[in-house]
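You will see two complexes here that share subunit A, one where it goes with subunit B and one where it goes with subunit C.
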Partner chain A sequence: MNGFLITHAPALLIMVPLIGAFVAPFVGRVSPKVRSAWIILIMTLTTLVALMLASDVFLHGTRIYVFGATSPGLTVPLDSGGIPIRIIFTIDAMSALMQVIAAVCGFAVLLYSISADRIHSGLESYYTLFLLMITGIMGMVSTGDFFNFFVFLEILSIASAGLIAYRIDGGLAVEAAIKYFVLSTIGAMAVLIAIGIYYGEYNALNIAMIASRMQFTLLDQVALVLIIAALAMKCGAVPLHFWTPDAYSMAPSSVTAMLVVASQASLYGLFRVVFTIYNLTLNAMTVGWIIIILGILSMVVGVTMAIPQKNVKRLMAYHAISQTGYMLLGVGVGLAVLGNQPLMESFGYIAMEGGIFHIINHAMYKGLLFLTAGAIFFRIGTYNLNRMGGLGHSMKYTMVFFIIGALAIAGIPPFNGYASKLMIYESVFAFNPVLAVIAMVVSILTLASFVKVFHSIFMGPRLPEFDTVQEAPMPMLVGMGILAAIVILFGLFPQAVVDTLIAPAAHALADQSGYIASVLGGA
Partner chain B sequence: MRMSKLVRTGADLLYPFALIFGLYIVLHGHLTPGGGFQGGAVVATGAAIVIVAWAYEDIAEMIRKVTMMAQESAGLLLFIGAAILALGFGYAFFYNVLANSGGLFGLPVAFGPNPGELDTAGVIPIMNIAVGIEVWGGLTIILLYLLSGLKKEEGT
Partner chain C sequence: MTLVESLSTGTGFWNPLAWLIAVLVAAVIVYLIRQRGESGYKKGTTQTVPFISGNPEPEKEMVHVRASNLYWGYLDALKGYYNFIVPAHTGVLNDYVLWYLGTTAALFVVVVFI
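Now for the complex of A and B:
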């Protein structure tokens, strides 16, 4: 039984949330309680499968799953002419890490959402879309087939657009959703054209196959530009960030926390294309600098736009853009020195590890911050910072969680943001000191901004209009507590996390030949 | 708003034919052009004809949102169920276990030009039927939601 589960874990990762999503409307007709129990059961199973698969990958190396074959390991059928024709899931350490992020965040957010969204109508579609979103993220980070990546990207975009529009809010949320949907569709079309280019050139859709045949012709450069533009837009990097503040602030908070994870799945796609499909064929220095500049722009523009915001979720959305910049910066530096082994050993890998560590840290503390904002909205019904105040008297636990998230995002020890930011500062300083200085200044501005937010939400005397405000309900606190515990644990034992999770992921990402060999069998 | 009696009768007459033609495309998906999505869309156009010809209130009883939603989810469950079937036989997810097995849809395909045997292709026709059910439900729901927002004209 255990062997069966391990063998089919990559398929189960997609199968379980899909079944859960489509059964949810039926069980929802019995009673809302049964539906909540069903959704929690499905999400627990998904999380367990993801954790089991990830531990297997970290212990025994890359896992392959071939859909529709007689055996899951049969990548290249005898009569296919040496091309992996079927859809293949290729789960290396980097994919496994992203799965763990998606599963843990999804689980915490779902617990929170069960309680926070209970009062709303239309829940039967809400949880179906929520589980489809999980499916889309899991598929994007697991797939080894580039067309399949596009399919999951679309599943994710459509489910997200539906969820952003969920709380209609006088049409504002619908407007944000349409903006997101139109931009996502344009991005997805760009990705599709790039896939068409690869297919025309190399007769293959499998990422490993394309990578092994990569020539870096003019057409491949066009495809690279299309993919970087589309996925940089999906992960909200400046100058393609304009949908993020609207979408993040108008979606329900639980959805916003998942949108953060979704944007990081796009970031994963960007890194996968650059490192696995192109790797050394492209001019690593040039493309590396392009990604670094995208990162620097995101960091600076994000944080400066965040400071004047009055809406707490818009403010956090701009901070999310700014933090995405750190990931782009770290991994961009790793890409810029790719192929130069001494530099790679001295700071390239650390920069990549810092960027990847920041992905997981960001998902945890930013998810936590959005959930606290949602808990405050749940109790007082406004996101406007000017109308809040004195909530520290009545919402003590929420305040503690907010402090943990705010200190983590500002990079204060002993929280996880400090650990990954320190890795980025040190390695980027060795590459180019100016970049490290900019990164530190952005961190200070982040801290300043969150001190202001903390002050205006929680400090001051108890306001008369919030006299009856109570602490957020228990399930919401549990959801936030899971994320807060991870933030603290990762901050206290960063070295253990880096050694067991992050370093294998960074090395797997940089190791193109290993990825190709795992699919094509050493070819 | 109802259309004239001529249009309404015409729509009533066309509805079963649209239904049958759509189901034909779904069922022959593995032999002829088209398949689950195309056939399901044709069936949904049948629903569109009657919705346009009659008023929304008239057909709300006949084409119900609840049924269509159930159909949407049931179709998708059938699809994924057909894919899971392979796991029970020890193959990978989505493996076509029924093809050439001699059972349901299990006849081997004749070599060379042939008139097309319906009883072939294993789980592919099952998946076509599943997608057909799903698209039928999904597109009809979209039409119902779009048209339920129409304002009634004064004096009709």
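Now for the complex of A and C:
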């Protein structure tokens, strides 16, 4: 049984939430409690499968799963002319890390959502879309087929747009969803054109096959630009970030927390393309600097736009943009020195590890912060910072969770954000000191911004209008507690996390030949 | 022991547990100093009522400093920057698409011609 589960875990990772999503509306007709039990069961199974698969990948190396073949490892059929024609999932350490992020965040957010969203109508479709979102993310980070990546990208975009519009909110949420959906569709079309270019040139859709045949012709350069712009937009990099504050602020908080993970799946796609498909065929310094500049712009514009915001979720959305900048900066530096092994050994790998470590850290603390914002909205019915105050008297646990998230995002020790930012600062300093100084200044501004938010929400005397406000319900606290515990644990034992999850992911990302060999090696 | 290992950052290292021990020691020292202080504080007496030059204490909601009143100096100092960056976020979808197309064009020039 265990062997069967391990063997088919890549397929189960998609199948479980997909079936769960479409059964959820029918189960919901029995009673809301049965629906809640069903989606918790589905998300628990998905999380267990993801953890089991990740554990297998980290222990035994890259996993390949071929759909429809006589054997899951048969990548190249004998009569296919040497081309892997079937849909293949290629799960290396980087993919496994992303699966763990999506599963753990999804589980914590779902627990929270069951309590936070229970008063709303339309929950049948809500949880169907939520599980489809999980399916889309899991598919994007697992697939080794580029067209299949596009399909999951679309599943994710459609589900996310539906969830952003879920509360309608006088049409504002629908407007935000339309903006997101139009831009996502344009981006997805750009990705599809790039896929068409690869298919026309290399007669293949498999990422490993395309990578093995990559020539970096003019058409490949066009495809690269189309993909970088589309996925940078999807992950909210400046100056393509405009949809982010609109969508993040109008979606329910549990959805916003998952949108952070969804944006990281796009970031994963961007890194996968530049490192695995192109790698040394492209001008690493030029493309590396493009990613670095996108990162610096995101960091600076994100944090400076956050400071004057009055809506707490809009403010946090700008911080999400800013934090994405750190990831782009770290991995961009790694890309810029990719061809130079001494520099890679000196600081390139550390920069990549810092950037990748920041992905998982950001998913945890930003998810936590959005959930605290949702808990506050759940109790007082507003996101307007000007109308808040003194809530520390009545929402003590939420306040503690907020403090943990805020200190982590500002890079204050001993929380997880500090560990990844320190790796980024020091490695980026070795590459270019000015970039490291900008990164540190952005962290100081982040702290300043969250001091303002903390003061506005929790400090001050108990206000008369919030006399009857109570602490958030227990399931919401449990959801926040899971993320807060991870934030603290990752902060206290950073080297263990880096050794176990991050370093293997960074090396897997940089190792193009290993990725190709894992798929085509037996051909 | 991997769990208590210092985080290697390439040029330095970071050990949160050592940092926590240092913070704990500092907290104990602070506590000991505090213990030697004046112990005349009496909760619930007029001693704890705010003294505002003899004026009556305003209503609670009047004394809380709201979000809009924070960082006005910072925003004023950088108003040249904010006068440009805030209006750039128009909220209009057409503008978002234009930024997207413009950035794609700029990336194309850099990747293909540099």
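Throughout what follows, the second predicted complex is superposed on the first by the 521 of 523 C-alpha atoms of A that agree within 3 Å, B and C clash if a C-alpha of one lies under 4 Å from a C-alpha of the other, contacts with A are read in each partner's own complex, and residues count from 1 in each chain.
We adopt the following convention: contacts are C-beta pairs under 8 Å (C-beta built on N, C-alpha and C of every residue); 3 or more make two chains touch, one makes a residue touch a chain.
In this text, all values refer to a predicted model and were calculated from it rather than measured experimentally.
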| item | value |
| --- | --- |
| Clash or fit, subunit B versus subunit C on superposed subunit A | fit |
| Subunit C versus subunit B, contacts on subunit A by residue | C |
| Touched partner set for A:18, first subunit B, second subunit C, both or neither | first |
| Partner chain in contact with A:491 - subunit B first, subunit C second, else both or neither | second |
| A:213 touches, of subunit B and subunit C: first, second, both or neither? | neither |
| First, second, both or neither for A:26, with subunit B first and subunit C second | first |
| Touched partner set for A:70, first subunit B, second subunit C, both or neither | first |
| Inter-chain angle, subunit B to subunit C through the CA centre of subunit A, in degrees rounded to a multiple of 10 | 140 |
| First, second, both or neither for A:8, with subunit B first and subunit C second | first |
| CA minimum distance (subunit B, subunit C), superposed complexes, angstrom | 24 |
| Subunit B residues touching subunit A - in the complex, by the definition given at the top | 69-70, 72-73, 76-77, 80, 83-84, 86-87, 91-96 |
| Of all residues in subunit C, those that touch subunit A in their complex | 2-12, 14, 16-17, 19-20, 60-61, 63-68, 70-71, 74-75, 78, 81-82, 85-86, 89, 91, 93, 95-97, 99-100, 103-104, 107-108, 110-112, 114 |
| Residues on subunit A engaged by subunit C in the complex (per definition of touch) | 178-179, 182-183, 186-187, 190, 218, 221-222, 224-226, 228-229, 232-233, 239-240, 242-243, 245-246, 283, 286-287, 290, 301, 304-305, 307-308, 310, 346-347, 350, 354, 385-386, 388-390, 413-414, 418-419, 422-423, 425-427, 429-430, 448, 452-453, 455-456, 459-465, 491-496, 498-500 |
| List of subunit A residues in touch with subunit B within their complex | 8, 11, 15, 18-19, 22-23, 25-26, 65-72, 74, 87, 124, 128 |
